[in-house]
Structures are given as C-alpha cells and as structure tokens.
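To keep things clear, I will list the structure first and then write my remarks on it.
So that you can tell them apart, the chains are marked A, B, C and D in the order they are listed, and the count of residues begins at 1 in each.
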Amino acid sequence: MTTTTTPSAAPAIELKGISKSFGPVQANKDISIRVMPGTIHGIIGENGAGKSTLMSILYGFYRADAGEIWVAGKKVEIPDSQAAIAAGIGMVFQHFKLVETFTVLENIVLGAEDSAMLRPSLARARRELKALADEYELNVDPDALVSDIGVGMQQRVEILKALYRRADILILDEPTGVLTPAEADHLFRILENLRREGKTIILITHKLREIMEITDTVSVMRRGQMTATVKTAETSPAALAELMVGRKVLLRVNKTPAQPGAVILDVADLNVTDDKGVHRLKGVSLQVRAGEVLGIAGVAGNGQSELLEVLGGYARATGRVTMNGRPIDLTGRSSDGQSRRRDGIAHVPEDRQAEGLIMDYAAWENIAFGYQNDARFRRGPLMDHAAMMQDTVDKMGRFDVRPLDPKLAAKNFSGGNQQKIVLAREIERNPDLLLIGQPTRGVDIGAIEFIHQQIIALRDQGKAILLVSVELEEILALSDRIAVMFDGHMMGERDPATTNEKELGMLMAGMTGDPGNVTVTEIERNLAHAGTGTKV
Amino acid sequence: MDVMPKWADVVLIPVISLVLAAALSAIVILAIGESPWEALKIMVQGALGSTYGWGYTLYYATNFVFTGLAVAIAFHARMFNIGGEGQAALGGLGVALVCLYIPWPHWSLALLGATAGAALFGAAWAIIPAVLQAKRGSHIVITTIMFNFIAAAFLNYLLVGALKPAGSMEPATGKFPDATFLPSFQDMFSTADNPLFRGAPANVTFFVAIAACVVIWALIWRTRLGYELRAFGHSETAAKYAGISPTKIIVISMAISGALAGMMAINNVMGEAERLVLNAVEGAGFIGIAVALMGRSHPFGVFLAAILFGFLYQGGAELALWTSIPRELIVVIQALVILFTGALDNMVRMPLERIFLARRRKAARATTLTAAE
Amino acid sequence: MDLLTLLQLLDSTLRLATPLLLACLAGLFSERAGIFDIGLEGKMLASAFLSAAIAFTTGSVWIGLLAGVGASLLLSAIHGVASITFRGNQLISGVAINFLAAGLTVVIAQSWFAEGGRTPQLAGAARFNPITLPFANELRDVPVLGPIYYELISGHTALVYVALLIVPLSWWVLYSTRFGLRLRAVGENPAAVDTAGISVIGLRFTAVAICGVLCGLAGAYLATALQAGFTKDMSAGRGYIALAALIFAKWKPWPCLWATLLFGFLQALALRPDLITSTLGFSVQTQLLDALPYILTVVILAGFVGKAIPPRAGGEPYIKER
Amino acid sequence: DPAIIFDLGGKFDKSFNESAFNGATRWAEETGGTFAEVELQSDAQREQALRRFAESGANPIVMAGFSFATPLTDIAGDYPDTKFVIIDAVVEAPNVKSVVFNEEQGSYLVGMLAAMASQTGTVSFVGGMDIPLIRKFACGYAEGAKSVNPDITVIANMTGTTPAAWNDPVKGTELTLAQKSQGSDVVFQAAGGTGVGVLQAAADNEMLGIGVDANQNYMHPGQVLTSMLKRVDVAVYDAFTAGEAVEPGVAALGVAEDGVGVAMDEFNAELITPEMTTAIETAQAGIADGSIAVHDYMSDESCPSLTF
C-alpha cells in the first residue's frame, strides 16, 4: 500500500469518449480525460455540468453509453462498482452511501468481507482500521452507529472504506460542501498525505479556491462536456470561471449601502426540537429591518433550515416572534404557511424542487402555489384558472423565464428557470419580509447575477430580507449584516465590510477565539456534536 | 422533459396492459381446455347482448365506479386505500340502519338518507386509519388491510346477533321496508309491451355514480381542495411549505375515499338485496384498485374501467353458468390487470419511452438537417 | 383449566402458529431486504394447491412439497420482476399476486380434478404424518414433564419442527453471516450496497426467493400436514396475519416466533370458546378473538406499545437513473 | 329440461350438494335426459342464477339449500309457469315445492350408534354454521345418544356463525382434537366441507367419525362409524322425474318416508355389531309409527337433551 509509484508514462486513469444520457438529458458528451499517478486532479464545473455522472461511471455506479476506461495503461471494463474496486478505485460520493443503522465497522466491512462468516472479517477490520486511522489521522469510533456521528466523521468513514479496500485512486465528490473551512483544511492535509503515498486523487468541486489550493491539474466541465484540462499552476480563478460558464463573469454584486428602516421581523429566544427529540434551535434571537439584507452563514445542518421553516410556518417552535410589531403564532392553529403569507412573509425555500414547486404542476399552477386561497385566484370553492394563467404569463415575462410557456410542467424547466418562477411568485407578492434560502443553488452564473439583482432591488424598495446560504461568497456579496449560526446558536454578528472568510469560518465551527490557536480536532468535536444535536 | 406524449400515457399504456392481460387470460382458458373465442362470445352475449345483460353489467359497474373513485381520489393524495372492502361493508351497515330504523315516506328521501348513512359510515371507517397515519405514522396500507378484517368480524358479529331477525337462519338483516326500494332500470325504462332490463338489478344508483364521477372530477381539478390534495400527493414537503396541512389532506382525502367506498352500499344493499347480507361487498373494494389503476385515477377513466369490469363480472357469471370455466377466471383477469397496469407499468412504459425517444431524436436530427440545407 | 387441557390448547397453538411462523419469516427476509410483500397470502395459497395436487398425483408428499415451493417461487419471481427489475409498486404487485393465486388455484383445480376447486383427499405417504419423538411413549407417564413432552412437543409433523428450527437459523443468517449483513444493508440503504460492489438486484432477488421458499413450506404445511388436501381459499387470511406478526415482531426473527405463537394461541382460543368461558367466567365473542390479531397490529402500528420501525428502504424501488 | 343450482359448498362437497348432484346424475343416467346446473360462487348470484334458468326455460328448477328461500320468495311470482323445488326450506308460493327433512330423526339414530360404540362415555358433535337447522342435528343426536346411555356426555361445537363455517376444514380438525381431549371418541359432523377435516382428524386420532347427508363411510374405511343419510338425492331424483308436473306444497321426509337414515355398507360393516343393528331397527320402527317422538329443535328453538 505504501509503494511509491515511479513516475511512468501510463496515466493512472484515462477516459476516452465517455457519453451518458439519462433519458432525454445528456449528462456527459464525448468526454476524455487523463489523470497521472500520484497527482491530485480537480474537476470543476457548475451544478449539473455532469461531474458526478462522469465519476460515477468511472466507479461503475452508472454504465456509460459509449467510451472506454483505461486504468494504469490497461483498458478495463467497469460494469459495476465491484470491478472498479478491483481496479483500485475508491469513491466518496457527494451524498454518502452509508447504512445509518449499522456501526462504523459494519459499514467498512460491508462488501469487503473475508468469508461467509462475519466475525473474523469484523475482527480484521477493527485491527486494520486502527492502523489506517493512525497512518492518516482518520480517527473514528468503530463501534459508533453511523446515525450518531456527524457528517465530517461520516466522510472519514467513507474515506476509510475506500482505503480499506486498498484503493490507489480516490475520487472525492464535493467533499467540502458539508465542512467548515478548517475541517476542509484538515481534509486537504489528509489528501496531501495520500498523494505523498503515491495515491491518485480526483477531487470534484465547484469552488475555485479549493482547486487553486490543492490540485496539480484541473479539468473544467460545462453542460456535459469537457471544456479544458490545464495545469493548475498555469491558470487563474478568473480564467477557470470563464471556462466554466463560457463567458466572463462578475464575481461581485453592485449595490449601494443599505438604508435600514423600522424593525420588521423580531425574533427572540427561538427554540426548536425536532420529532427525533433533537434540539435544533437554541435560543435564537435576531432582528431584520426594512431595507436591509441579513445574511445567515453556517455549515449546512446547524439550524438555518429550521429557522426558515419556523418563520415560514411549517415547523413548531417556542419563543417570541413579531412581524411588524404583531406577535406571530408559533405553535397554534395559525402557525402555518398560509397565515405567514397573510402576515406579509414571502419565502423562497432552500430546495425549490422539493418545496418551492410541485414539479408535476404546470407553471401556471405553480404560480398560485402557497397562494391558492388568495381571493384573486378563486371563484367560490373553485379556482380561477384564467386568472392564474394571466398572472403566470405576466410574471414569466417580467422575470424572463424561458421558455415562456405557462403550460410546461415545472420539471421541464432548467434549474435556473425553476428558481426564477419561485422568485417571481414570491417577490411579486410585494411582501414585507422575504425569507430566502440558497437562492442560487444549482443555478447558472448568468441566472445568479439576475437573481442577486432582484434581491438587492427588493431591498432597495425598503423590504426586509433574511438570506440563508451555505456559500460564504454569496453571503458576503449580498448581506448588509452577517449572522453566523452554529449548532442552533447564533454565534454573533459581523459587518461584511470588516470581516473575512477566515473569521466567519471559525464562527461556523463554533469558535470565537483567535483563529490561530484552534485545532482541527476541536472543530471536529464541535461539529460532530452539532451534526447530531443534543437530545433533550 | 416528458418523453412521451400525453395520449400515450393515458390511452396507449393502459390499452397495451389490457391486451397483455387479455392474452394471458386467453392462454389460461386454452390451458384448461376451453376456447377463448367461445368464452368471449358467451361473455359478450351474456353481458351486452340484452338489456338484461346490460342491467347486470351496469349494476356491477355502479359498484366499481364507487370503489374505483374511492381508490382514485386517495391515489391523488398518494394514499393507497386498500380498505375499500371494509369501508363498503360499513357503508352497508349505515344503509341498513337508515333503511330499517327510519320510517321513510318515499324512496327518494330514503336514497338521500341512505347516501348520507353510507358515506358517513364508510368515511368513519377510513378516518381512523387516516388519523393513525397522519398523527402516528402507521402505514395506511397495513392499517386499512387490518381494518378490512376488523370490519368483517364486526359485521359478522352484528349480523348473527343484534341485526338478525329472530328465527332467521341467515346472517342478514330483515328485508327493508317497501318505501325504501329504489326504482330499478326495469321500473324506469320498461313499458307494458316492451319489458326492458327484466329482473336485472341495475337501478337509479347508476345515475348517482355518474354524478359522483362529475363531482369528483370537479373536486380534483377545479377546487382549491383538489389543488391542495394533488399538490400533497406530488410532494408532501412542498405541500407543507405552501401551508397545506398534511393531517388535513390525509384525513379529508381518506374520508372522501371511504365515503365513496361506503356509497357503493346504496347500490348493492339498498338497490339490489334490499337487506344487508354478510359479505355483501364481495371483493368490489379490491376491484376498485384495478379500476383506478386502469382508469389512471381519472373519474372518466374510472367510469370506463368500471364498465369494463362490470362486463367482466357479468360475462364471467355467464361463463360459469354455461361452461365449465369457473367464475374465478374473473379473479385471474382482475389480478392480471392489476399486475400489468399497476406493478408492471414500467415493463410496458420503458420500451415505449425508448421508442418515443428514438423517434424524437430522429425528428430532431431531421430538422437540424433541413435547417442546415 | 387442567394441565391436559392447557397442553391441548398449546398443542393446537403450535399447529396453528406454524404456517404463520413460516410465512412471517418469509416476510422477514423479503422486507429486511427492502421488498415489502403483501403477497404472502397468495404464495401460501399457490403452494398449498400445487403441493396437494402433486402429492396426490405422485403419492409422495415430498414431491408435493417441492412442487408447492416451486409454485410459491414462481409467484416470488413475478413479485421480484415487478418490484426489482421494473421498479413497480410493491404493494400493488403483492395485491395482484394474491388475486392471481386465489383465482388460478381454483381455475386449475377445477379443470384438473373437477371437484369444485379442491384437490382430492390425501392419504398415507401423500401427506405429512405426525412424528413421535424418541421416548415419547415411555415418558408419557412422568408427572408434568411427561405430558408436556408427549402432548405438546412430540407428535407434530416434520414441518412444525422445521419451522421452529428456521427461527434460530434465520437469526444466525441475518446477524452472523456476510449474507445477512448485506441483506440487512440492502433494506436500509441499497445505494451503500451498490457502491460497495455488491449487486442490489442479486441480493433482493435472493431475499425474495428465500421468501418464496418459506411461503412454499407454509402453504404445503396447510394442505399436506395441517389438512389432507387443498380447499379453495384455504390460506384464509393467514398471510395477512403473518404480516401483522412481522410488524408486531419489529422485523426480528425471535420476536417473529413469539408473535406468531401469540396469534396462533388466539386462533386456538377462538376454537375453544368454552375454555374462555370456563376460565374467565364470562364469554368472549369469537368475532372479537378473530379480529384480535388485527386490532393488536393496529395498536402496535399506532405506536402505542413500542414503535415498529420498518427497514428504511422498504417499499421503495432502488432507482439509480430516472 | 330440469335444472339444479348447488349452494356455495359446490357439488363435490362430499355431502349435501354432492348428494343432490348424485340424484341428478342418477336421473340423467336412467332417463338419458340432460339437465342444466350451476354451482354458486357467491350469495349475490342466487337470484341471478334462478332468473337465468327460469328465463332459459328450465323446468323444474331445483335448488339445494335454505339460503335460496329469500331470493325464491322474491322471484317465484315473476315466473308463474316455472316450477321450483327448494330443499331444506319452506317457501309458500303456488309454483314452489318445498322439501324438508326430519334430520332430528336420522341424527337420533346415529346418536344411538355413537353411544353404543363409545368406550369413553363421551361423544361429540361438530356443526358447521350455527343456525337452527344444525342445532336440530345436534339435538337429535344428543337425544339418541342419551336414549342408549342416559349418563353419556355429549359435547357440541359449532364451527362458526357465517357461511365460511361450511368450508373450514382446519377448524374442523382443531375442534375434533379439542373434543378428543375432552374424552370424546365418536364424533358426528354436520358441517359441509368442514366435516372433511373432522372425519380426517377422527381417522388420524383413533376416533370414530360419523358422516352426514351423503354416505361418507368410504372416506376412511373402518374409521367412519356410519353416516346420517339425508336423501337429498332422492328428493332431486323425484323432482326431476316428476318434471313439470311437480306437486307444489311442502313435503317433510323422515324415517317413515325413507328420507333420512343410517348408512350401512362394507366400509363400516366391522364396526356395527348385531346389537347395534337390532337397536337401530327397533328405533326406526318406533319413529316411523310415532311411538318414539324425537324432539325437533326448530319447532320451538329449544333442546331438552343438550345445551348450546
């Protein structure tokens, strides 16, 4: 396992002409790529560019429609993951593939058992796990249930799974999406170690910073195609961004300083316990004023979603919330999305496909979604279809939704256009407060600019905006004030003009001290704890 | 992008599934040494060849419209109500109580009363599983199955006990009073010199069933309730976001579903038997599943599928009467229809989608070619 | 109630619980692998018919048993193809299979034997006969233990003992073998199994096949051991009670045994209303006893007595590509 | 042509329906005639089958089972030119002949045989559905047994309260085993398809069974003591023979009319002692001349010799 590979001409991985369609969607189009052994190769591209698909093909999860795979200079067939594992390939998926009701050890052994009996396999795995953990700083408790450990820890289990199977080529699909900057740094150190051991690493990300920091070479994907492969040292973030999007992009939003007015939303001591008994929000207080954007930063899963859900009316909570000075019901009969909308709160949810839209409804039906009881959409107990249709055509026009076909089902619009439909519906309600979660997740840069402009325009009309995003860049670009959430707590507020990613990252990990003195272990302990929450 | 045009989804797939089911049924008939062609002739003749046959076909169809609508409306809210059998049984109890213990002056009033009784009892029997699903997360499929058995035991208890007239040997209530007898097709359409539908049980309930189709159609596609119900069926998380209460939708959709299943009783209990017998539902609750699947959960589709099953039922009874093919053949056909239109849907759909996709690709290529010229 | 009566009651419990136990364990394997199966009933029925029919024609119950298992496996295959290969709705597939079995058994039996949808009575080697365990007769007169051994433990058909042995076997397979680990994993998160390089389809088909074999045993037991021949609808809802027992047992092997024994006991009790009256001093409606397994299941499902959490991926087809 | 409708158990139920079927076949074989027949699969079909046969011109139409009483009452008036024969129930209509049997008399006879054959002093009865008709069997049986041995214990169980009780052999077996554990060594069943399980259990467990309706002695040779014959076959045969000239009205067939009796054949010859034969013959004569009056449960819904 620790043999150092002598630099040879044969690439560790070579893909030739890979194509893959999912029904009508062509996810990969004639893609070729070479990865040299002992290097870290980055793959960057927008959401939906086809990165995960390509790597899943390499790992035998999907089968390509066309193309060849060469490993260490030999052409191989990879019909399933078994073959990939045999070829020395390991993969950590974007969405972990762990059995939550199993222990860490069982998860590691699963599929790599030595014999038909379980006991000897488990014993060997326990021994080897210890060795691996020591070697790569990958400490895990082998007997913990996966459902009881945090995401950072789960990621280690995934890496260990690959190493246990003696992978020489390790694919990581957006590994940092769930990590704090410090945790990400730790991960990168591990990757450096692995590279030094001679392993080949393919790292998928859409964060330019990470590419620049760690990779040796980088490939850029756009709309299912490979647009370029370059040496990292010979490129720049701006050049990569342009390759990703296909045109020059603005990385900053133009906006004037905010003119905050009266307090619109006042939240005091908000507490949420979910149905598993986990305490999700712990005494959260905040205020949003008219004409300002309050950005909430945090690693996914630290209570931001619950905050939006409570304010949006579909999670129960205790505490005091007032809207325009009037108290809001948090538990009773009128604690639902309908009353919130009547109170002047509009909500662009974090997940437009699962929440904001009914994917099988046509655009014109979705335009009334959440507002189905509005007087203008109804005629007695019936719905006024003509009014809905008219409204849709208007809004789609104003938000430049393409194609302008109100009868098209939501699922048939692209991600960016789906988001525009939701935005159009919520913004055009002229709300006093707009809750907006992950406004540009899975959206093209072109659409991102448009959406950011709309948010700022709404602010400038004197509306209050509460923005939640896991993209620090987005938070920094849009917010007038930034609050950081960690483990259900508000860690404090910062001024975007004076703070930086490093400081926010510390807060996101639950640290308030000097960034220099904190160890990664501490951060991990904190986050593992936060990931599962505390039982009450 | 939808791969297939809508007509293919709505018409082509059910038709292909039906053809597959029919072909396999024919093989079964052949295998037991009978002629499928002869069997079909007997079925068509017996079920559609006379007003008498139609009278039975439409009578059965009426049952299936109700149970089919019941399953369909629940499907729209993504509830699988497999408890139509029990709900219809309880509906029968409601009808029996209304007819036996309230002195009705006229059948029309009795019909209203019985409809209310049937709907109420059927709904009540569906609401319990619904509430358990909404509040306690008990799987509705399992609970409704259990409720079928509980209903059977409960009715059994009543029909051999409190509701059985003294001295009777059958587990059944006494005959309903004459004033509750619903006009049959014979009463409605026969003239002195041209007797139609003689002795067939089809009755005025058929028109109630048609009305139910129209009302349910409007409910699903025209009302706010229907909008919310379908939204919930497509995505529960989205429904919550929009302020649609899952509890409300689960309970209301199941209540409507149960009410519809219960309303079947006005046809078979009040319209036909004119008393409540044990096991009056005779599997119609389950046939509702096949009917709803076949009819793509659309009231019009349900209506057509119900007629089809009415035909199968009456035709099957005729088969049993005139050939040695047992009536259980109908159960086989029913099973095959459920299998192909429900569980094996993808088997039919996937190749079709491939064909349509290939055609579309070809068309797209052709247009780019012509554009290039 | 004296000892002998009690033993008779328990004896009857064991007999009646056996088909429930076999079907329940069948469901256990299938559902643990993530394939819900409400078609237990149909598979039992199909096996009951074919085992009786073949046992009658060949005169050998063992050949009959094989045929019954074969019939059940065939229906399992349909369920597998529908819910694994074609990713159909498992509940609907189960419903279809129940109807298919209910219809086909009668249609075929009628055309084969022309006895109104039943098979002729089985006799001698065409059915399972009770086995007297060693020393049963000798020990019969030993106080207390003797009658227990003779009345309750000895004198059942082979399949009863087989069913009882399958409980520890299932437990061992599920929790101590590689196959068991993978089976449980595929019911919780098939993607994890898939990316670990194990075939989800293969595992699930295996589980469904095991389910078929066990249902086959259950059905054959009904027609060739508990009874001497097939009669129409002879499974009489046992598949559903087994399903109820599976939920009651929270998808675990040993609790499956206790749950089916409990439900078997209720059935035995329903046959002896006189015992209830004499023991309790008041009479209980047999209808209530009939409905009790279902009521208990609903109560369990509602989480009033400990929550039953099904395998996480249960009922959902494993879809990689939309 | 005549027609016959069998009840839910089906024409091969080895008892009631099969007996009716045998009568019909005998007629067909002897006369070379043909008849229409149908086996009901569900309650709802009763009326349909009746009408279908009436409309197709079948005459007379014989129906086996008391459950036809209600539908027949409904439709008889619609077909005044058709003759209907109903077995086991009485329907008052000008074109209906009702055939009922004095089952208590036949049951009395097999009760006597049971008591004489019993070693344990306990005999038992398994009924199908708990209805007055079946209680009539049980009551006559108990009375017969007690006439031989006043101290005898008679255990009576019913399989259920719904028509499903006619077709539940598993339950039949279990009930029989329960009765055995209470000391019974002879069991009489009047339970349709359920009875198959009863006789099977008796044969498997060193008990003697007693068949019902048809002669069931052959089912387990040497292990079925006798069968209580109810000559449904004769009733059907007679009706078919009379054809359209069937006499409307009520016919009650008992021992005197040879409508009920006990089955003696080669299969039970070893079980029947000469004393039994004489006792039975005496009793038959007594019943026929009225000197022995067997209580009919259905006359007053009570049973002096047995509590249910």
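As a convention for this text, a residue touches a chain if its C-beta (ideal position, glycine included) is under 8 Å from a C-beta of that chain, and two chains touch if they have at least 3 such contacts.
No experiment lies behind these values; they were computed from the predicted model shown.
J.: Based on mean C-alpha positions, I'd like to know which chain lies farthest from chain A.
T.: It is D whose centre lies farthest from that of chain A.
J.: How many angstrom between the C-alpha centroids of chain C and chain B?
T.: Here chain B and chain C have centroids separated by 30 Å.
J.: Using mean CA coordinates as chain centres, what's the chain A-chain D distance in Å?
T.: 77
J.: Where the centres are mean C-alpha positions, what is the separation of chain A from chain B, in Å?
T.: 45
J.: Suppose each chain is reduced to the average of its Cα coordinates; what separation in Å results between chain B and chain D?
T.: A distance of 39 Å separates the two centres.
J.: Specify, in ascending order, the residues of chain D that touch 2 or more different other chains.
T.: Residue numbers touching two or more other chains: 39, 161.
J.: Show the residues in chain C shared as contacts by 2 or more other chains, in ascending order.
T.: Chain C, residues with two or more chain partners: 114, 117, 287.
J.: Tell me, which residues of chain B touch at least two other chains?
T.: Where chain B meets two or more other chains at a single residue, that happens at 156, 326, 328.
J.: Touching pairs of chains, which are they?
T.: A-B, A-C, B-C, B-D, C-D
J.: Using the touch definition from the top, list the residues of chain C that touch chain A in their complex.
T.: Residues 175-182, 184-185, 188-189, 191-199, 312, 320-322.
J.: With touch defined as at the start, can you tell me which chain C residues reach chain D in the complex?
T.: Going by the criterion above, the answer is residues 4-5, 8, 11-12, 15-16, 114-118, 121, 130, 222, 226-229, 231-234, 236, 268, 271-272, 274, 286-287.
J.: For chain B, which residues are in contact with chain A within the complex?
T.: Checking each residue of chain B against chain A gives 1-3, 218, 222-225, 227-228, 230-231, 234-235, 237-238, 240-245, 353, 357, 360.
J.: Which positions of chain C touch chain B when the two form their complex?
T.: Answer in residue numbers: 38, 78, 81-83, 86-93, 95-100, 102-104, 106-108, 110-111, 114, 117, 237, 240, 243-244, 247, 285, 287-288, 290-291, 294-295, 297-298, 301-304, 310.
J.: Report the residues of chain A in contact with chain B in the complex, numbered from low to high.
T.: 23-25, 312-314, 336-341, 347, 349, 351, 354-361, 365, 368-370, 372-373, 378, 381-383, 409, 412
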